[in-house]
Structures are given as C-alpha cells and as structure tokens.
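So that you can tell them apart, the chains are marked A, B, C and D in the order they are listed, and the count of residues begins at 1 in each.
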Amino acid sequence: MAGNSFGHLFRFTTWGESHGPAIGVVVDGVPPRLPIDEAALQHWLDRRRPGQSRFTTQRQEPDAVRILSGVFEGLTTGTPIALEIQNVDQRSKDYAEIKDRFRPGHADYTYWIKYGIRDYRGGGRSSARETASRVAAGGVARLVLGDGVQVRGALVQMGPHKINRANWDWNEIERNPFWCPDKQAAADWEFYLDGVRKSGSSTGAVIEIVASGVPAGWGSPLYRKLDADLASALMSINAVKGVEIGDGFDAASLSGEANADELRMIDGTAQFLSNHAGGILGGISSGQEIVARFAVKPTSSILAERQTVTIDGTDTAIHTKGRHDPCVGIRAVPVGEAMVACVLADHKLLARAQTG
Amino acid sequence: MAGNSFGHLFRFTTWGESHGPAIGVVVDGVPPRLPIDEAALQHWLDRRRPGQSRFTTQRQEPDAVRILSGVFEGLTTGTPIALEIQNVDQRSKDYAEIKDRFRPGHADYTYWIKYGIRDYRGGGRSSARETASRVAAGGVARLVLGDGVQVRGALVQMGPHKINRANWDWNEIERNPFWCPDKQAAADWEFYLDGVRKSGSSTGAVIEIVASGVPAGWGSPLYRKLDADLASALMSINAVKGVEIGDGFDAASLSGEANADELRMIDGTAQFLSNHAGGILGGISSGQEIVARFAVKPTSSILAERQTVTIDGTDTAIHTKGRHDPCVGIRAVPVGEAMVACVLADHKLLARAQTG
Amino acid sequence: MAGNSFGHLFRFTTWGESHGPAIGVVVDGVPPRLPIDEAALQHWLDRRRPGQSRFTTQRQEPDAVRILSGVFEGLTTGTPIALEIQNVDQRSKDYAEIKDRFRPGHADYTYWIKYGIRDYRGGGRSSARETASRVAAGGVARLVLGDGVQVRGALVQMGPHKINRANWDWNEIERNPFWCPDKQAAADWEFYLDGVRKSGSSTGAVIEIVASGVPAGWGSPLYRKLDADLASALMSINAVKGVEIGDGFDAASLSGEANADELRMIDGTAQFLSNHAGGILGGISSGQEIVARFAVKPTSSILAERQTVTIDGTDTAIHTKGRHDPCVGIRAVPVGEAMVACVLADHKLLARAQTG
Amino acid sequence: MAGNSFGHLFRFTTWGESHGPAIGVVVDGVPPRLPIDEAALQHWLDRRRPGQSRFTTQRQEPDAVRILSGVFEGLTTGTPIALEIQNVDQRSKDYAEIKDRFRPGHADYTYWIKYGIRDYRGGGRSSARETASRVAAGGVARLVLGDGVQVRGALVQMGPHKINRANWDWNEIERNPFWCPDKQAAADWEFYLDGVRKSGSSTGAVIEIVASGVPAGWGSPLYRKLDADLASALMSINAVKGVEIGDGFDAASLSGEANADELRMIDGTAQFLSNHAGGILGGISSGQEIVARFAVKPTSSILAERQTVTIDGTDTAIHTKGRHDPCVGIRAVPVGEAMVACVLADHKLLARAQTG
C-alpha cells in the first residue's frame, strides 16, 4: 500500500528528497548469510553517479553508501538492511527562482495539487536523485540472485537514433559514456548529444535490460506475473513512458506463426528456437533470457523558455538554469538494471515459497 | 502477495479455470450504498462475450453474472461482492490431443515446469476466459468511479495496420466488430482479418484506453505511481507484451521542447496546452485525459503445424483445431477498459485516504 | 489491505452473508500437487456445523462444501481454490422484527454507523456463519502443513468453570459435545449449560489450540512475528476478546527465574525443559508445541429483554427469539484450529522463501 | 509481507540493531501539511528512554531523534518521513561472553536456528531497543490522529500485584516511575520492585491502553478488525504474551445479560450504558473508549545462573551481568501507546478511504 515500497518478499522502502540531508533505502526480506559490504554496493552506485562525463549533470555527489543495519561480520543477518547516502552538493540557490512556478514536464504541478505543499528544491521527492536508492537496493538484489543470474542493461536508442542490433557487443557498453552496445552508434550519439547539450535542449532514449541465467518457473499467474511486476518496476522509474517485454509493440504486427516460439529437444532438454516472448510465457519465466525495454522521455529541464503558470494562477514563463542531464536516459540504464534485479530477487523467493 | 488478487483498497481476487464448473471474482473494498444489480454488470460482460461475430471464438458462453454477496436491497453494503459466472460450453474433447504437448506461445510449458501439473483443458487457469472476471470487477469499479469518470477503449492497430487518428470518432466503436474508432480502418480490417481467419492464422493488435474526467491528484509517488499501476494492470492481461502512457515509446524521439506540456491559465484554471504525458506527471494525474496503450500478441492457437515437444521430452508437432480468436486483441478492449477502471477506482480511494 | 483476506503467501478471501444464497472462500498460494477432495474438507466443516447437539443453534445447515477451481484430477494445481457453501436454512422471517433495532453486543450499531446500510438478516456479514469459510480454508491449510504438523483445539473453560489440566486427555474431546479434554469437567458443563440454555441466557468460554510438530524457525521479526499473526488470526474470530500465547497473562505474575525456559542437550539435540513461552521466542517457533488460547464472550443473542435504541434514535427494548448457541465458544474450537492452521501454513511458506 | 513493516495506509518500517551505529524508522502514508518537528517526537521518546530511574536499565541513550525526510518548512509533505536515532552507549564488551550461549527466554536460540547467524551484541535485532523506533512512529501517528484522539497507557499490574481500579487517577501516572494510575499501588510497587532489583531477579506486568475520542466507524470486518490489528500490534512488542480488549478473558465468565452493553438515547445521541466490549463491536469502533491490555513477561536477563546450551551443542549455564530492566513492562507503556496510536491512525485513513 505504502507508495514508497516495492516488492513482496524482497521488499525495499526508499526515503529522502533531492535537497534534504540524505536519502536512503531499507531492504527487507534478504536471506541470511550472504556476503556483503559497502564496496559491493558502491560498485553499482558509481555507475549511476552523476558528473562522470559531460553528458550527465555536473552535480557532484560521491553517493557514498553506508550500511547501517542488517549486516554482521560481513554477512547479511536476515534483518532489514538500512542503506544511507548523504546529499553533499545540494546548491539550493539554483532552485530559488522556480519556487512558485510549475516546471512543464515535471511533477511540480501534480504534487502541488495533490499535497498542497511542495519541496521545490530540486524536485524534492520527485527528483531522479531517488533512483540512487533503487540502485543500492538493486545491489542487494544481485546478491540474492547470486552469480548465476546476470542482469545487464544497454541504451538501444537515443532520441530518434537506434542502434544496429547486428553490432551488439556487451563489451562495448563500458567503453562509451552511453552504455551503448553498438560501437558505431555510440560514436554517432556523441556527436548528436553534444549538439543537444550545447543547445540547452534534451532528448529521450530507450533502454534494454537483459537478464540471463533465470531458471524456468519464476513468476506467477495472474496479477503477480513476472512481466506485470517488471512493467510496474520499470514504469515507476522517473520519466519512463513505456515498457515492453520481448518483441513488445512489434508483436502486434506479427502473425501467429511468426510470433510463437517453437520448442525442440536439444541436448536432452526442451529449448526454444526463438525468443519473441522475451523469456516469459503466462507470466512465468521460460528459462530463456528475460528481455525488457523501456522508453525514457527527454529531460524536462531545458534552457528554452517555456510557458507555465504560478502557484497563484498567473501566466508566466520558465527556463531551467540548473545542472541537468541532456539525456537522462543514460543514467536510467543502471536504474533499470537495479529494478529488474529487484523483481527477479523477489520472484526467486516467491517461487521458492510456493513450489519449494 | 497472492498472485490472483489485484489492487490495494479496491481489490479483487479472481478464480476459476477455462473448463471448470465456473469462474468468479470477489471484489473487496467497495464503498457502501452504491446502486448495483446484475444487469449493470452484464452490460460490460456482454461486450467481452465470445461468439458475437465471425471474428471471435465461436465458443458459446452466455457469461451470465450472478451476485452472491455484498449487495442488499440493490445497494452495495461495503462487504465483499462475490460474482460468479458458470462455464457452459466447455467441450473438453477439443483439447484431449494437446494433453501431453506444449502449445508454442501458450503458458503450457511454463505452468508445467513451475507446478508439475497442468489443467490442459483450454489452458486451465491461463486461459483468456479469466478475463471475464476482470470485466465483472471493472463493472463494479465503474460504479465506484461514478458517472464523472468515463473509461473507453479502442483498437488502434490490427496487425501492421494502424488507424488514421485524424478519423477518430468514438461513436464508431460500437458500429464495427473491432471497437475501431476509424470507420475507414474498420472496413479495411474486416477484409484483412477475414484473410487471416480463413488461413487459420492470427494477428496482434494495439488497444488504446482513454479515461476522461479523472481529477488531478490521483496517484502517488513512487512505486504506487498511477502509471506504474496501470502498467502492471495492463501487462497482466493475457498476451500483452507492451504498455505505453501518453506518447509512450515515441517520447524517446522527442526533444525536451516538444515533449513537456506547457501550462496556461484558461478560464481561470491552469490548463495544459498539450498532453504528451498522457495525463500523468510524477505518477499523479494532472486532470487531463489519461491515455494508455497496450500491445497484444497474435493468438498463439493457429491452424499451421508448429514444432514443439511433449511433456516426456520428445520432439513432436502441433496444430490447433479448437475454437479461437483470429485477433484476440479485439476482445482485449473491454478487458483493458476494466483494468484501467479498477486502477482508477483504487486510486480514487487511496487519494481520499491520504489527502481527504 | 482488503479486510476480507487473511495471510500473506497462504492467503484466503472470504465472502458471503448469513442469509445470502451462499458463502465461500478463495484460497490462494497453495503449493501444487497436494491431494485434495471435498470429503477431506467436509470433515472439518462437519465439526463446526450447527445443529449437532442441543448445545448449538438448531439452524440446520448441511454446510456441504464444493470445490470450484484450483484442483485437477484430485491434486491442487497451485492456482486459487474456490470453495462454496450454499445457505440452505435461512428463515429470514426470524429476523424481521430486529430490522430497525440494534441488538446489544452485536455489530448492528457499528455496521450501521460505518456503512449507513445493514443486512439485518441474521447479522449479515458479521454473522458467525462466516466462520464456516475459515474452517474450509483451514482444511486446505492442513494439507499444506502435512501430517507432521497437528493442530488441535479444546475448550478449557466454560463460563467461570475451568478444566482440571491434570485430567487433560486429547481422546476425550471427541467424546463430549464441548471439545472438552477433561471428562469430569465435560460432565459438569453439561449440567451447567443446560441451565444456561433453558433460561435463555448464554455464557462465554476459553479455547486452547495446540500445534505440535512445528519445526523451529517459522515466524519472523518483528511485525510478522508468529505470535503477532496468531493474535490477529484469533482476535479476528467473532466474539473473541482476548488472546494468549504460552503462559499468557499469568506470565505477568512470574519471576524471571520461573518464566524463562531452560535448555539442555537431550539425545543430542537442544531441548527446552519447560514451555512457558508457548513455543515461540522472539516471534519465531522454538520447536516446542505452539500453545495459544482465546476468550470468547457469551453469545449476545439472549432471551432476556435488553435496552437498546432504533436506527431512528428512539429508546426501545429487544429480546432474541431466533436460534442461537448458548455457548458460541463451543463451535469456536474448530474455527480456532482453522485459523492457527492457516497462520502456520503461511509461515511455513514464508520461512521457505527467506531461508530456503 | 516484509516482517519489519507495520500498518496499511499509515505504514512504518523499522531497522537497526541494539549495537549497530543507529536505529530508525520510515513512516509512509502520512497526510500532508501536518505541523511536525523533532521536539514533538522527542517528547514521546523521552518517556521510553532508559536510565531515568533506578527501575530501568542504566544504559545511557539520549535517543535523540532526527528527521531526515518528508518534512519541509515544518510541515509534512506526504512523502516518507525517515527518523533516525544514533546508538551511543553500546558497550559491546558486556555481551562478549554470551556470544556462544543461548540466553533462556531470549530469542537467541530461535534466531540462530532460523538464520544460522546471530548478532549477539545486546540481542541484535531482537533487542527491546527497536521499540524506540515504534515510539517515534507513534509520535507521527498522534499527529495524524489530531488532538481529538488521546491515547494513554498505564501499568495496572506489576508481578502479581494489581492496582485498585477504584483509585484510578490519570494524573498519577506522571508522578511515579511506573506509569501507575493508583498512588497507593505505586508506593507498594516501589518497595516490591526494589526487592526484585536487588536480588537480580525480574518481574512481569500488565499494561492498559485507553484511547478516547475515537469516533464510531473505524475498523473493518473481518481480518482487518480494529481489535485484530490491535492484537497484532501489541503482541508484536517484545516480551508480550497476551492481549485483551475490553473485559478480555473475564468476558468468558460473564453471562450474556452481563456482557452485552445496552444502548440508550442520551442527549439526543445513542450511548452505551457500559463498555464491556472495550469500544469495539464486530471489529468496528463504537464511539466509546477503546480499551486494550497486554501482558509482559518478566525480563529474561537475570542474575541467577540458568541452564542452557552452546551453539555447538554443549550443556552450560549462563547468568546476565549486563544492564537490564527489573520490570521491562514499565518501559512498555509508551511503546503500547505508540502501537495503539499507529493502529488508530491507520484505521482513520482506511475509514476515510472506503466511506469518505
């Protein structure tokens, strides 16, 4: 019920605002005796951390995560793991002038209408800063999943520019500032995004998350379908406007013959000959790679002046001078990975509960 | 947690298999003193009912809904409303030959792996027959929403063929067997789908659901976002592979200037000048129309022979002779409407709880 | 959230009113491939069934349970099990005169204030008839627990008359109409309760539920403590006003030395030398017998005239002429057993989820 | 599901161990625009704080609470409120010798069996130190309830010594170190407890919580009954072994005539002439005072040597030299108040959701 918690058995609760003293997450339901330390979690947070290239916001946050509970002598104890990240580079002054105006594309207006109060500093609770907590939780989820399950993400489209899937090379994603698996596309995007950035504009993106090593049998009918939980998880990320599993919207254009993945016995086990389904049938994992994609809208904070109104009901205009990402989709890659890892960890435990 | 329940405050639980004696749904959390009778619910069930045109399965099910509890003298009492629908036209013999073989594209394989047991008759629990329960629950949800909120759906793409949005006319959707708002597209689809049907093939579809009259302020940060719940709701429908809100995946290609909806005072109230966001900002309704779309894969049951394996691990082939929909997306329209209505009813109550 | 559901992983939802067409329960989360049939569930329902002695209401209900889903070829499938019981002997005329008056001790007044509508026939949803659904769910829970766990209940106090615990013999509970484990007390109670019954009065009772065979390690800190869930489960039964675990309220009078159960290695395993704790420490089962007790208030429907008011705010009086139990606590024994079985089944699955 | 969260709409999640760096709680679902500051919460924490008399543990903890999120310019924002309390006086050395031995009456053994790992320092997660987080959450709950609802607690029995209810004076509870409403009993207890303390023993207690100002209509049938949630809330407190509502176990001894509270129109409104029910009928508040009691077992840490075993399965003995409460029930009074306040705040929101 609580709007700031996610998951069922592997469940986390996040708290904190962009310009408060800290943000954090409490992760509950973690199995005991898993080796864990702050460095293991920091690895994932560093991937999401801003200010690492000219293509992300220049806000300087070390995002150093601290474990406050749930760990004893280097092992999880089965009790809730509280993780905390101090806010360091807050610069509240950047935001003073937007105090009374609703930024188009942001949650300013809806928060104001709903709550009648708004922490306008950096978006408050609606800031993408909250996603650091998700990444921390995702780090714990990966420990629950173990080495057998690998969750990786890649940017497959920036603005209107898609990768050439024939060029896909997972090794490339660490070699460019975009988590792009297509070396050529990454080069093109660098030129493209520099233009966007210099003009003070922004652009959207599509991210693909692939989970390999997931055994068949995770997920449930009907409202706890693995894909339904993935859809909820990914749509809950700031600025996401669409989610796909497997062929996604392209499946609508296919014939039944083209879409349904055939089975054959190979090396003594049943194997699918294709993966249009994205590794999920009837809400349950099939043993194939889980493939999910999500679309991120362009960053709403842009330099161009935009029409808006004040909280007092007066027409005005606004343009954003703060530090922002020209393509917030880039930093959504580790966030998407984290959310998928959390869903999978949850369903690993759920599957164990019902079917042992 | 329970995989067969949906919602938080307005919450329903479905049960039943395709070829069991009945299916049903228990709807909990309904406010008291709402006028309700079986006819009001039957209206919505009749829209989903099979066998009404040559483009849906010829299984003949009256889908007569019966209210077993929660209603007294024509009014809801605030206690759970149990709704039951008898299964009439079951014809189990149709399915005997697929008892030991996994139908590609269906949940046969994953249910078998997960549960080690499978009600193979008509897909058992994974059958789209379960969606009748959702439509019944959606009927109750509409009563909770009241006349001020209208939830309507339309088929906007069949196979590769999209409507021309310039032709959109809500009055058309009742005039063709496809819930198509574009008269010309409906005519074209009739020809197209006849070809698909006669060849024993199938095709996918995209459905758009529009909710009007939703006040600003429904929804919550962050994991109970209105769009996250909509994504979960729609992705939980059988055969759905993608969900979008507002511009959806197209938002990835937009610039920040094009995407962020501007605000202006009009007639004394703040109004948006466009609706790329689909009526949701930061997970909270903005007062605009809520716009969601979902993609349905082509029906997996097709006449063409397809490779598969048996439950004993032997290569074999299968083709479906039973009664099926050439485009199951058509009947997904009332199901999508119902799920959106349920999410909105839930968030209406949630909003009232926290902010009075 | 939904007020008519209980449990987390093993979760059931009940519906139905005393004088509606039927009552029922949907049990979700059941592991697959458990042998089950209607007779196995009927066994437990027959123990709660009214009209079996002169000490329970003479309402004649066969309480025949029907399985509508979730079972295939005699085995659970892992999908929701819908159970339904027809209401047969409703006699609505019995209740016509109490339509506009609140019966003292009943929920009439609070339902009216809360909902503004009231199914006055037999208490509607607040009738103890709902407990038949709990017993049906408990029958499924016992299958989940397996033969290794035994859940038994006994009446240990009727009105002011307690059993002599030195006489405790589980074999006696089936030999008297009270589920009393003390042969002598049962004989005394028969005389006592006849007096209560003939005078049109009623009396309360205390029930003790003992679960043996529960392994150490079920339960969780802190708000999912096994005893917290048991307390919720038992207090949710109609007319229950108190719950105890182990020594319960008597523990308040003990010294630390007397209360804390010591441990010794016996036959190679750690064993407790006493069981003041009632088999639960820190919310987690210790491997000893789980011992819970609950107090049931006297039946509120009595022959004596009692002061009350009408729904229109007029002073009046009421006395109950319908069929009622002189000691509703008797029939609460199988209900208490069922609730304890449901809590244990739930925690069995929860334990498996987190700690494998 | 998550074992460290409590509540539905007003929901809190606690974390932290006795000897970790800090403990804390995240409170979600709080309505916006409620005035709040750290001093308002500190008031309640100071009541539970140890070391204030010779009758509580001499551990010196300032228990200074810090608000980390969810508050802006002195008002709640509707987003999660993170509260944190540093652990200051940890003295881990006190506990080194009990590292490998299970303390009788504590959760040491069950945590070890369940998790296979145990933070033995001060009981780790099972320490009563966690209750400080509950009290902090309770402070927020009181803000949600507003001034119209008052939640007060009193010690009504220490060891075998009960108060004389005729002497009840709420003004007395702040004038003695026991929260005792009976001046004479308080004087007697001081003598009694000094004896217990000096002998290194301990004693149990019974606490009564009274909530006044609760309107009729809060609570729900059947598994979200107000009393069922109170039972769960109070039984979840460390060392609690029993919970009663209204007359509780004494109700079992009453006749139907004596137990059922009659109604009369007084000053134009329906009023009950007695309150055996403890303010709850059918799980829903009646508008009378809510009365709940709970029994706390004697502190398990005592000076006398007690038999136990080691984690390696060897017989041994143990006696506790650390700082402990001779009657932990004293400090349970503010904890019980806090839990009742949280349940009521939750049901206030739940009631508003369903019935407006």
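Keep this in mind: contacts are C-beta pairs under 8 Å (C-beta built on N, C-alpha and C of every residue); 3 or more make two chains touch, one makes a residue touch a chain.
Nothing here was measured: the structure is a model prediction, and the numbers come from that model.
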Chains in simultaneous contact with chain A and chain B: C, D
Centroid comparison with chain A (C-alpha atoms), farthest chain: C
Comparison of A-D and A-C (more C-beta pairs in contact): A-D
Distance between the centres, which are taken as Cα means, of chain D and chain C, whole angstrom: 26
Rounded Å distance, chain A centre to chain D centre (Cα mean): 39
Centroid distance [mean C-alpha coordinates] between chain C and chain A, Å: 46
Junction residues of chain B, two or more chains touched: 1-5, 8-9, 14, 29, 32, 78-79, 114-116, 125, 221, 350, 355
Chain A residues within the chain D interface of the complex: 1-5, 7-9, 11, 13-17, 20-24, 26, 28-29, 32-33, 68-70, 72, 75-82, 114-119, 124-125
Parts of chain C lying in touch with chain D, wherever the complex brings them together: 1-6, 8-9, 14, 102-107, 109-111, 113-116, 125-126, 130, 157, 159-160, 196, 201-206, 216-217, 219-225, 227-236, 238, 240-249, 251-265, 268-270, 273, 276-278, 280-287, 295-302, 304, 306-309, 313-315, 329, 350-351, 355
Chain C residues touching chain A - in the complex, by the definition given at the top: 1, 9, 29-32, 78-79, 221, 349-350, 352-356
